[in-house]
Structure formats: C-alpha cells, structure tokens
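Some notes on the structure that comes next.
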Amino acid sequence: MQMKEYKPLIVAFCCNWCSYAGADLAGNNRLNYPADVKIIRVPCSCRVNPMFILRAFQKGADGVIICGCHPGDCHYTSGNYYTRRRMAALFSMLDFLGIERERTRVEWVSAAEGAKFAATMNDFAEKVAALGENKRLEDLRCKK
Amino acid sequence: MQKITCEQLIEKAVALLNDGTVSCVLGWKKGEFDYDITPALFETEEELKNEFVWNDFCRANFSKYLISKTAKCEGKILVFLKPCDTYSFNQLLTEHRFDREKVYAVGIPCEGMADIDKIKAICGDGICKIECGEKIAVSTIYTDEPTLIDAKDVLAERCINCKSKKHVAYDELIGEDGDVIDSGRFDEVAKLEAMTPDERFAFWQNELSRCIRCNACRDVCPACTCEKCVFNNPKSGVENKSPANSFEEQMFHIIRAFHVAGRCTDCGECSRVCPQNIPLHLLNRKFIKDMNEFYGEYQAGAEVGSRAPLVNYTTEDLEPGEVFDRGNKDA
Amino acid sequence: MNKEYLRDEMLRMSGVNPKKCMKCGKCSATCPAYDEMEYHPHQFVSMVEKGDIEPLMKSESLYRCLTCFACVDRCPRGVEPAKLIEAVRLSVIRQQGANRLKADDVPAKLDDDMPQQAIVSAFRKYSK
Amino acid sequence: MQRIGVFVCWCGSNIAGTVDVQAVSEALKNEPGVVYSTNYQYMCSQAGQDMIKNAVKEHNLTGIVVCSCSPRMHEATFRKTAAAAGLNPYMVEIANIREQCSWVHKEMPIGTEKAIILGKAAIAKVNLNTPLIPGESPVTKRALVIGGGIAGIQTALDIADAGFPVDIVEKQPTIGGKMAQLDKTFPTLDCAACILTPKMVDVAQNDKIRIFSYSEVAEVGGFVGNFDVKIKRRARYVKEDVCTGCGACVEKCPMKKVPNEFNLGMDNRTAIYIPFAQAVPKVATIDPNHCNMLKNGKCGLCAKVCAAGAIDYKQQDEIIEEKYGAIVVATGFNPISMDKFDEYAYNQSKDVITSLEFERLTNAAGPTAGKLLRPSDHKHPHTIVFVQCVGSRCAACAEKGKEYCSKICCMYTAKHAMLTRDKYPDTEVYVFYIDVRTPGKNFDEFYRRAVEEYGVHYIKGMVGKVVPEGDKLKVQASDLLDNKQLHIDADLVVLAAAIEPDKSARPLATMLTASMDTNDFFTEAHPKLRPVESPTAGVFLSGTCQGPKDIPETVSQAGAAASKVIGLLAKDKLTGNPCVANSDELMCNGCSSCQRVCPYGAISYIDKEFRMPDRTTKIRRVASVNPAVCQGCGACTVACPSGAMDLKGFANEQIMAEVDAICK
C-alpha cells in the first residue's frame, strides 16, 4: 500500500445569507484556509438534515461543519434556532455512540465575518486532522 | 399478577358491544405459545368469551393499530389501554393520526408485564404451558411439576423502570388510576455516558452489529407511522432495505431515533420486539434525557397538542458545542 | 490586601454582580439610614466594583445599615446592595476573628446566670 | 438524462492565476451528463454570455454549470442568459471557484483539484435539477391599517394618496390615538391637536379611506396579496351614517358619572358620549356598561332628543368580511400600570400622576381647562417633582417594569418642566434622572434650554420613595453628584411611566403569524435593512408597535410602511420564489411537525382522498404548502420524519448528490 500524506476531507454546509457570504468575504480578503474544506450552499442552516451529515461521513468525510447566521439574525427569523436544537441533539447522540465529538461542529458566521470563517475552518481542519481518518463512521466500501 | 381480571374486561367489552357503543374490540388473544399473546380484533361476544386474554404477557401497545383500524371500521372501536399505552395514544392524537371520535378507550391498570427471557433463564427451554395466577406457573416438557415464579421477579426492563401508572387518556377507567413515577429509566443511559468514547463505541458496535434489519422495531413503533418510511423510499436518498455494512445499521438507528425524537413516548416496544435483543430504547432515552436536560422536562403524549422540543426553540438555548460539557462526562 | 482578591471575595460571598448597576441612585434615595452613613448604598456598589473595599471595611457605615432591604426591593436592575454591605460586614468580622474569641472558647466563659439568648448569640457571632 | 454544458471562467487572472482552467474544463468533460465543456476569459462578459447561448442551441443543452465567481455575484446574470437561450433559468448552477477556491488557495495543483471537485458537485446537482416556474398570485388592491393613531392615519393617507383604497380599523370610537391626548409636542412645542386634527379630517374626507371605528380585527386568513379579514364592528347603539354629532344626546344624558377615559379618569363623561370635540367620526357612542336604557330598559332620553333618529338600542355587533392585499399594523402603545410601584404612592395619592395625565392637566380641552391644578384639591402646585425611568430600564422584575428604554420620556419631561416654568414661574420644578437621553434633531438644545433658560432643577439620581403627608408629598431622593439625600415637600409628583405595546397586539400577531419579541413588540424582517416589514410577507409595521418612537419617527416609519404597501399593491401579480417547500401528499402523514416550525404559517392541512390498492378510497389529512407565502428556508424539510416535505431547488436528492460528489 502506498503511504500518502493524510488530508482530512471536510464538508461545510453554509447558509446562503450569512455564512456563504462570510466565506465569500474570506475569499475577497484572500484569507487562507485548507482546500480540504468544501462548501455546500443551503438556503438556511435549518435545511441541513442529519441524513446529509451521516451521508457525508458514510462517503468518507472526516468532519462536517454547519455554519449559519448568528442566533437572532436568521434571514428566516428562526431557522438557526431549530438548527441549534437539532444539532445539539444529534451531536450528543453521535457522542453517545462513541463518535469523536471533534468531527462535528456548528459555528455562527455572519456575512461580515470573513476572518472568522477562515479562522474557524483552519481550526476545525486542524482538529479533524489530529483525529486522523474517520474510521468509526465510514463506509469502507466507498473508499478507494 | 394483574389486579384486574380477564373476566372483568370481557364483561366490559361484551356490555359495550351489546349496547352498540362500539362495533369491535381491540384486545389480546393467545398466540402460538402461552407467553406469545398477540393483538386481535374481536367482533362478537362469542369471540371475546372464547379467545380474549388478559394476563402478565399482554404487552402489546394498541395505539398504533388504531390508525388502520379506525380508518376501516364502521363504528367505534373499543381499545384497552395500559397507562404507558395512553401516552402513545395521545401522541398519535397530537399528530392527527386517527379520529378520536371513532375510539372508545378504556384505561386499565397494569402491574407490569413479564419478560419471557427472564422466565426462560429460570426454567430453561421447552416451555409448554404457562398459567398466570397469584404466581406464574410454568410447565416445561422436561418437568412434571410446574415451576412457580413471582411475577415481580421476571418483570420486563421497561416495567421495572415504569415511568407512569397514570392514564393520560381514556373514556372510562377500570380500577384505580396511579401516579407518574420518578423512575430510574435514565440510569442505564447515564452509565453509558460515563464511559469513555472508546468504551461507548465498543458497546454500540457490539450491540448494533447484531442488527439484521428485520424492521420489527420500526414496524411496532407507535411513533413510526409514516405512510412510507424514508428507508423504503428511493427518492429519499437514504433508501436501504437490508444493511450492506455496519455503517448503514448505525445510520438506520440514528436516523430512526432522530425521527422519533420528541415524539417517542418511551413505551419500549422497539426493544421488546427486537429478535436480537438490541437495547434500542437506550437511543430513544438518550434523546429524551438530553432534551429534558437541555430544554426542560418534556414527556411526549402527556397532553394532546403539546409542542415537542425539536419543533420549538428559545433564543437562549445552549449551543451544540456545549452539549458535551454538561454532566460528569470525560473531557 | 490585594484589591482584586478582596473584590472577588465580596462578589463570591454576596452573589452580587455590581456591573449590573446603572448608577441611578435609587438605593440611596430609598435608604432610611442614609444620613447616618459615611458611605451610602450606591457607593458600596461602585466602590466594591472598583475594588476600593478597605475604606468600606474601616467605615462605621457598615454598622449603620439596618438590613431593611429597601434598596434590594427598589433596585430596578436587581443589584441587591444590602447583600454587598452584608458581605463587607461579614469579611470584617472574619478578619477580626483572628484576635477574637473562638467558638470553642465560649463554654469556659459561661456561668449559670448567662441568659440563653446571649449564649446562642455568642455562638452565632464567634463561629463566623 | 440531462445534457449539461460546463463553462469555466478565468476571471482574467483572478481564477486562472491559481486554477488551471484548461485542466478543469477537460476534467469535467467526462462527468455524467456533460456534453460540452469549455473555458473563457470572462464568462460574465457579453461575449461569454453569447458563448453560453450559442452552446445551448448548438448542443441542445438542458443544464448549465458555470465555474466562476460566487453565485451571490452572477447567478442572476447567468440565469438571465439561460432564459434568453430558451432554458429554464433554474437549470443553472454555479461552482464557486473564485471566492471559495482561487482566492483562498495559493498553489495551482491544490486550487485546480478543488475547482474540479466543486465543478463535479455542481454537475451532480444540475443532473437532478428540474425546471422551476415561479408561482403567481393576484393582488387585491386594498390595504388594511390596524390602529388609527398618528401612525395608522399617516400610513392610510399616504396609501390613499397613491390611489389605493384603505380601511382603518380602530378599537376606540374615534381615531387619533395617543397623540390626540397630548398637549404640546417636543422639541418645537407645536400644539398636538393643531397638527393632528387636520390629518384626522383629511382621513374622514378622503373617499379612498374607510374608517371602522369601535371595531376590532377578529380573524385573518390568506396570505400576501390575498388576505381575508373579518372585522368585528362593535355595536355603538348609534347609527353612524345618521348621527350628525350635534351632541344634544350628550347634554341630556342623565348618567353623568362615568369616568372619562380620554382624560384618564380625571373627570367624568356621560353614558352616551363623543370622546372629544374633534373626534372622527364625530358620532356618539353609548357605553353599554353605564347606559340605564341598555342595562335595565329605563330612560331612553337620548332617543327622544335625537332629531336625526340615530339612536338604535337594538344594534348588534356586526362582522364584516373584506379582502386585502396588504396589512399594516399600527397598534401603538400604552403607559404601563403603576400599581406595582408602591414606593411612589401612585395609588395612595391623587397628586401622584403619570406624564400622560399631566398632558391632560395642561391641555386646554382637559379636565382643568388647561390650568395646572392638583387633582386632589384643585390648588396650584408650587413644587413639582418629575421622576424619570419609572418602569423603564428595569431589569429586576419583569412584572414591575420593562428592560428597555422607553425613549420618549426624557424629551416630554423636559417639555413638561419647561412649559410649567414658562406658565408658572413661581413653581419649583425638579427632574430626577438617571441619564438624559437626547439624540435627535434639536433635542439636546431643547433640554439645555429647560435647564439654562427656564431654571429647571435637573438632579442626577432617583427618587426612592414618596409619602403623602397632609397636603404634601414627602419626596426622598438621592443627589448622586452632591452625594446627598434630598427631602423635598412636593405638591405634585409626575411619573414618567414606561410605555408598552397595546395588549391587543399579541393576539393580533398570532392571527397574522407575525413574530414578536419577548416584550411584545413586533419583529421587523431585518433590523437594519427591512425595518418596516414584518417577516410575514404582506404585513408591515408602523409606529410604536415595533418599538418605542416619538412622533417624527412614527410618521416617517408610517410613510415608509405606506411606500412598501404601495409598491406591493402596484403589482398586478406577485411572482414568488420558486425554491419553495413542497409536500408529497402520498407520503405525508399529516403529523403537523412541519407546520410547527414554519415561521411564515405557509403550511396548512387538507383532507385528501386517496385510492387504495384494494380500490377503496381513504381520506387522509396531508400538508399543503402555500407557495406564495413560503420563503424557502427548509426548516420543515428536516422536521418532517417521513421525508414527504422537500425543498425545490435544494432537494434532499440534490444536496446528497453534492455531498457524494465532494466525498467521492
């Protein structure tokens, strides 16, 4: 087997109104973060179904992060409040099953927080990289 | 031993059937074995007198049956509800799953149901006859004299940790109503929480790897009343009917627990029917325990129309990152 | 003594957060013992917050507070100045404890004529 | 199978500098569904767009992926391009390879690799895209304004001015609201009535405006452009269209001891009454709680003296149903109750009054005909103490006061103090304040004039207690700057009571599915950028129902709300966002989870008949989304356990396809 440098694969779900714009701002300001982070645009963080997160892990993601507007700033007034409850419950459950808690995260990033977006992604990627490959929640068949 | 006798229930059912209040009765009858009591629909006095059963093995929760039965039956249905069943009954009403007008609910007290596996552990295999009286008399093909067992010694886990002897819904109550009990039902969850993540992972790998995806847990669950389950729906993107690997088992059970979170009344049917004895109720209880701790006490089904924690919020809720810092968990 | 340490002690003992104060002065406006006091309730709040506690500990004001809790009741921000005054008072008593009677010393000083009330007070006072 | 065209943009060197665009377009050529792939310097340029249009025609494309800058930048551009080429605009997806790739990564191989993956994700999504057509709904060209204070009046006038009919619903017998009760207005000291009553007359005379006074909104259904509203017109026992407002009945009414709410109970009115001289509509109203005829059938004097024959003791409440395109909430405020503030002796002494009562005492049409007299003994007060922030900025007890600043008290107290000193220079006036807040045009100048020119004593500190003693009020207060406790023998104490939203606002918000904050103020759609719109489409906010405001702010917000309403009513049809939720009726089990999380009330339930496999039919309750109301957040899709609810444009399958493409 060929030894390759381990690079974590990170899926970031970003809400269209705040965090996706925050990611754009990070780009505008040329703030670096690892290319391992791939962003999926959703209208609101409350669109993120736990099934999407599990699916990402199944297909080989090493970490999943969900970014939304700060509580109280949701474009749809209350979406991120639901996200907060759902993800609190889900993450607690994943932890209960013994999945490393550092693999999942929710972060509130506003459209003005390009720097926070980049810093969050750097930090998250670093934490996930430290955990190594996601063995506990991964479908081995799908791995090449 | 149950306080209410089988005769009392038959008498009540016959009376309601004969005076036209109801047109059929949802009750229990003997299955292949004496301990294998199954749900049944009775339409005549004769059927009731010959086949109706009520004893320490009448475990089935009838609430879910009302969905299909009320849609089919012309008149009202008489249903017997143990205290824990009434919670599922209310939860289904909250979700508008059946017409309350078409049901005549009779609440009956329950002293807890027996766990056949515990009996087998005492008497061994080959049980040919069980009689429920003061004590449970178990005869096997290997012994002449029946073994007498105290029902208290073989209570099912969910009955040991019974959350409530109080009926939260009924048209009529036979016997006396009890109280909500401060049970130790979350102790097992807390024990797991106190383990290290590695220990927890090992525990669940061991349990979930036994899953054969028979779907019994889903089919019996009074909260799983979807017209079509996402796991059966090719359009959902997560369709899988049999597990191809351990991940899909986990995914199934996590998603199922998430889908019933806030709706699960903790009736324990999932673990009861699991042929592999996977303690599935622990997943549901974990959600219930978490939500109680994070968002305040909530019991699904305690009242009709209540708003479950996951379809509610406050602006002061804790952050998902904070859930791990709570309690006595390892850092 | 270290200012910050003293302040933290006061806050810990009283459970009061003086940062909530919006400096309206209603505590002092409502205080029936105001004229007797060198430092007034609102000054307690602001001086404790600044860590300026030693002058308070030396002041007679501590013993002029009637603990009537009018200031606690009236404060629009829920700051509870009386509890802060009580905390300062308590810390003085604790410091004095070093050169005062210990609770253990009390029994030796009792005699038959001592009123019951005084014995109880003595224990309460010297065990702080 | 889709026929997808991929267009990779260089964005000059912005993308091409760190991404090998040639390699990207080559790599994406072999993705499923892709029939054409190319790259160009500036895709958004006219030439670039022409390239896309030509490719659509040449290769019969059904879907387009543009690998370029952020969709927030040019998604709209490329959708228009697609539409121009005859494609459904929602068949376009953007892979963001500039902001989220070339600009954040420095090395070419890494940038190129990520760009390819982002392109693949977009292709995977387009493969599952379906053409979306925005729904259209008609607009009823009539607006409803709830509340007839200055906010409602101004909104209604502005809307009517643009030619649209407006109805005002006011629960009092007259419009005018709180402003009608005021004496002068800060900082210009105009007489409130002199500037308000002409507007009230304008409303009455405007043939586009109908006033439903003494009425309430009973029920609201429908959605933006198509609200169905039931208005309850309470029986006033006087035929509104017949009454001439002559006042003969009021003169003759023997029941003269009814507390007059317009003067806050400081004098009495009759059982049949006209609230004040300039009331609009100027018609009498019978108070059924005090009228002898209505209570026990004895009297009937008013009917006898009414020359017009307008009295109708048999009148009943009436429900009117009307359709509206837009609704403006202008429910206003009330001062909070002083009952919990025992320390100020409000309930013990008649001479402790609120500022609104003070307004009536100084108003020429008030109980004292404008002379400043104490309510208890009608003597001139010589020492007056004003207390600010009574119940405002009160975080300690939610039952007692409000945590917010009521905003208007500093200025009206300065006005009261100044006017008192102006009219009665022999009066000593003290104002106890925590902070004096005067951000506004000419506000601080006004306050300084009160201090410097009129000699009002402003004292930094609060009043601790007020004790009535003899005919004096003993005021104990602190002077924080002098570090003294003051004892003042006052003749009159005026409390600047906090203001709170009207009690009718909360049930109204529920009817409108408009959200409120914990203080019962209506929430705006965006606190900075959409301050006069509620998050519920078609519902607008005017005046203090949204937060404490003074008159100029209220009037400007009223105008802003009106312009939003006009913008809406000017449309013949509303075009919705097609990316809305959609419930699969076959799978929905009607559990109501989705309805609970919908912030817009877009989901309702219908009983639908289904054919079963055994040829029987079954009626089931299923969710139905109103696409005109849904804003497409997707909260319902996750709440739905059966996966029946999905979001168009961001479907479960599409997002999972993206996840798969990224993780592959």
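As written, the chains take the letters A, B, C and D, and residue 1 is the first residue of each chain.
Note that a contact is a pair of C-beta atoms (placed from the backbone, for glycine too) under 8 Å apart; a residue touches a chain by one contact, two chains touch by 3 or more.
Because the structure is predicted, anything quoted here is derived from the model rather than measured.
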(message) Counting C-beta pairs in contact, which chain pair has more, C-D or A-B?
(response) A-B
(request) Compute per-chain Cα centres, compare each with the mean of all protein Cα atoms, and return the closest chain. (result) D
(message) Please identify the chain with the largest separation between its CA centroid and the CA centroid of chain C.
(response) B
(request) Take the average of all CA coordinates in chain B, do the same for chain C, and state the distance between these two points in whole angstrom. (result) 58
(message) Please tell me the distance, in whole Å, between the geometric centres of chain B and chain D computed from their C-alpha atoms.
(response) 47
(request) Using mean C-alpha positions as chain centres, tell me how far chain A is from chain B in Å, no decimals. (result) 36
(request) Find every residue in chain A that makes contact with two or more other chains and list them. (result) 50-51, 55, 78, 82, 86
(request) Pull out every residue in chain D that's touching 2 or more other chains. (result) 597, 639, 652, 656
(request) Report the complete set of touching chain pairs. (result) A-B, A-D, B-D, C-D
(message) List the residues on chain B that touch chain D in their complex, please.
(response) 71, 94-97, 225-230, 233, 235-238, 259-260, 263, 307-308, 310-312, 315
(request) Would you pull the chain A residues touching chain D in the complex into a rising list? (result) 9, 11, 16, 20-21, 23-24, 26-28, 30-33, 35, 38-44, 46-52, 55-56, 59-61, 75-79, 82, 86, 118, 142
(message) For the complex, give me every residue of chain B touching chain A.
(response) 189, 192-193, 197-205, 230, 236-238, 244-245, 247-248, 250-251, 254-255, 257-258, 261, 283, 286-287, 290-291, 294-295, 309-315, 317-324
(message) Help me check something: in the complex, which residues belonging to chain D touch chain C?
(response) 343, 389, 393-397, 401, 434, 460-465, 476-480, 483, 485
(message) List the residues on chain A that touch chain B in their complex, please.
(response) 50-51, 54-55, 57-58, 71-72, 78, 81-82, 84-101, 104-106, 136-141
